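So, here come the structures, one by one.
Both of the next two complexes hold subunit A, though its partner changes from subunit B to subunit C.
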Partner chain A sequence: MADFDWPWEYNFPPFFTLQPNNETRTRQLTVWNNLTRNYYKHRNQSSLDINEDSPLFCNNALKRRLPTEGRLAVMEHLQGTGHAAPLDKRRTNWQVYWHTLDEWAKIIYDWSQRTGQTNSVCTIYEISNGDNSVGEEFHELDQDVVLKALKLLEEQGKCELMLFDDSQGVKFF
Partner chain B sequence: MRRRAGLGAIQQQQLETQKYKDKGSLIEDSQFVQMTKHMEIFREKLEEFAVKHKQDIRKNAQFRRQFQEMCAAIGVDPLASGKGFWSVLGMGDFYYELGVQVVEVCLASNPSTGGIMELSELRRKLIAARGQKSIHQEITEDDILIAAKKLKIFGNGFVVYPVGKGKYMVQSIPGELSREESSILGVASNQEQGSVTVDLLMKQLGWTEFRTQQAIDKIVGEGLAWVDCPDSNSAPTYWFPSLFPGRKDT
Partner chain C sequence: MNRFEYQQAKLAEDEQFVSKDKAIKLYDGDEKTAYEDGEVVLTTHRLFWGRPGEIARGSTTLCLQLQYIVGLDEEVASSFVFGKKKRLILNLRPLLPGKLPGPMENSTAHFVKLSGRHGLDPAFMQAIRGTLEARIWLIPGDASGSNASPSRENAPRIQLRTGIGGIERAIEAKQKATDDSIAIAFQDLKALMAMAQDMVSISKSISSKIRERKGEISEDETVQFKSYLMSMGIDDPVTRESFTSNTEYFKSLARQICEMILDPMEEAGGMMSLADVYCRVNRARGLELLSPEDLLNACKFLDGPIKLRTFPSGAMVLQLESQDEEIIAKEVGEKVEEAKSLSVEDLAKILGISILLSKEHLLAAERLGIVCRDESIEGLRFYPNLFLR
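On to the complex of A and B.
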């Protein structure tokens, strides 16, 4: 992770204390929001466990870690902007979307039109890991996230999801 | 026995005093006329000089500063007169332009600084914003102070505070810092990391804990400082993003 470009706030000790002043806190959470998305984009990951002391929430050189309530505030802020969703009721496991699902849906649909996938069936694996999508932003994206984006497209009538034996396929219109 | 002063002597004395006075005011008048003449000539020379060296004044920071000092000495403000001779010089333009840039730079930084910035940092940012030509690079902190003074007409949204040791903080959000607040700012700006604790402030300013806590809470409330409280057992530290070296380097 040596080449990840941390914002200056990451080395600013009070960044790891949830700020009491409303305006400052809004500013703080906005920076956390961007940082989390960039960090997950950089690692090409999407699942986040609030209790895990990852480098994102812990700056060991600075001896600072964001406490649980702070992490929850960050995740709820991300949820508010459409960049995360909780996976369990206790809100400890989260999915981070560095593009919102709406944006992913549009990106994937545009790709399908551009590469002439219309009216033919492909699997989700092909979308996220196939030769056709090399170089696309969603290449090697979590398949669960791809599926959620496709469900949005299905609601808009732009594709149809179908179940094969144990893998899912999709047909774009 | 001493002779008493007669009426004639008194009249004589009064006459003399009157004559002295007349002579005195005559000399005074002629000196005044002379002086005015000198000043007039000096002013003319200064104007000639200014026109001749217009380019140097605009380009060379040291030159500009000395010229400013000369003007101040004879009571001419080359910025104040928007029309007439001095407008030809375009000195006002230089500072108005700088003033606009000062506002732009400050407003752009407000979100991350909370609305205050060190003068030295402002200068660096201005230079970066003004482009690479050496004529743009030659601005001094004095120039910025002069330009910032012009911004006073916008009310208290733009104020420069001296914080000691020749340092200044430029505030670019509405509102006015109290004396307590600017004292705290002064202490913080002399800390390496730009952070303070209540203990440190009490020691340096000789205040009671109550007064210190109230003042620092107000500063936090205005978004000028952030609270660092890594665990609930230790006293919090207050950090000014505007003074934080790690931000200024970016």
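On to the complex of A and C.
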């Protein structure tokens, strides 16, 4: 995996302190927002544990780590822009979406139209890991994320989710 | 009886009347005498016997110097006619030289008796006992006691060192010593206050000399001298006593603080913490010290070139009206920029201000978005705000 391209802020110590000045903090959180999304896209991951000292939150070379309330602020900022959602009530486990679910839904639907899958049924595994999706952004995307995106499409009347024995299928319209 | 003298019944200069009794008969030893039904008068120095009215007229009467009496006894006489009555026996010492002539020149008896027709008045007996114990006739400079025996006068007074009495006396002595030293200490304080007055007058005379000799000493020296004078004191501190209302007091106090602190304030960069102001003001006042509350209240009345300012953190400072937060913040920003990052202590050192002020400056710069903070286990540091560029 190619080295991640850290932004300059990552090497700026105040980046790891939640700034009390509102304007500064907004700017800081925006940078964190972008960084987190890019980092997770780079790693192709979507689950995040706030208490885990991942390289994202800890710059060991700088000896700085974002404190818990800072991490929570970052995640809440991501949630605000639709790029993350908490998985538990204590808000320690999060799902990160480097595209918002709306965007994902649109990307997947466009792909299905483009590849002529209308009115045919495919499994969710086929969408995220199938031969047809190689090279697409959602290839190897977390299946939970794909499912959430498809649920959005279903609400819009663009597909129908079906329950199989052990996995789920979808029919695009 | 031969110890009695003829003397005029008249009090000597330091002699005082003590008591008297009536209807008294004198005995020489056990023998009755012709001196019956007389009056006796006891003074601090002598005992007079005279016929009724004689003593009151001040005529010559029989008189016994009390110094002759060495002891008292009582005797109870009983008879069928009179019933029981007490007599007083005065035991006498041998004749002393220089005795004035008296009613009886020779006598073998060494005591006399006083006997009243109805006994002796108990109050009189009590008085004669007390007077004998007091020995007032021994006090020198006493006319009638001039021939008092010197040996008695010089009887050594034995100092008691033991027992409860001794302990009490020691405690008393200690208390007295403490009292004395406190008195001396207060004398010192008075001296100090007097000296302070002198200091003020010296400072006044120096300042007037500076005014006279303008030009003879260099400008620099003048300035320095003036600053010394400022530190030396205010010659007329505003005190609470001279005001009837608190508001008036605080207002004039505020005026004085303003006058006094203006120059140091400019030197300090236009802002001083209240603690600094408190020290400066009280040093200048010398003895009429201000309480922190009074200072704070006075500062609330400040108007004019200096004002009281409370930071969001609660810290209070006096600052010049001309002092602009944005200008300071910009300056602080420049310092931070130069050094890449600064802690509160670093900035305090660079600007020569107190830590409290340094922190307030940095927080102000942070509020304006000029610097941003870095809190870590190494402490709080401030960086140029690169986020907003």
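The rule is short, and it goes like this: the second predicted complex is superposed on the first by the 171 of 173 C-alpha atoms of A that agree within 3 Å, B and C clash if a C-alpha of one lies under 4 Å from a C-alpha of the other, contacts with A are read in each partner's own complex, and residues count from 1 in each chain.
In this text, contacts are C-beta pairs under 8 Å (C-beta built on N, C-alpha and C of every residue); 3 or more make two chains touch, one makes a residue touch a chain.
A quick note: this is a predicted structure, and the numbers were derived from the prediction, not measured.
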Return fit or clash for subunit B versus subunit C, each positioned on subunit A through the superposition. clash
Which superposed partner A:12 touches (first subunit B, second subunit C, both, neither): both
Where does A:54 make contact in the superposed view: on subunit B (first), on subunit C (second), on both, or on neither? neither
When the two structures are overlaid on chain A, which partner does A:23 contact: first (subunit B), second (subunit C), both, or neither? both
Quick one: from 112-120, 130-138, 148-156 or 166-174, give me the piece of subunit B that collides with subunit C in the overlay. 112-120
Residues of subunit A contacting subunit B in one complex and subunit C in the other: 8-9, 12-14, 16-17, 19-21, 23-24, 27-28, 63-64
Residues on subunit B engaged by subunit A in the complex (per definition of touch): 111-112, 114, 195, 220-221, 223, 226-230, 236-237, 239, 241, 244, 246-247, 249-250
Any idea which subunit A residues touch subunit C in the complex? 8-9, 12-14, 16-17, 19-21, 23-24, 27-28, 31, 63-64
Within the complex, subunit A is touched by subunit C residues 341, 366-367, 369, 372-376, 378, 381, 383, 385-388
If you look only at subunit A, which of its residues touch subunit B in the complex? 8-9, 11-17, 19-21, 23-24, 27-28, 63-64
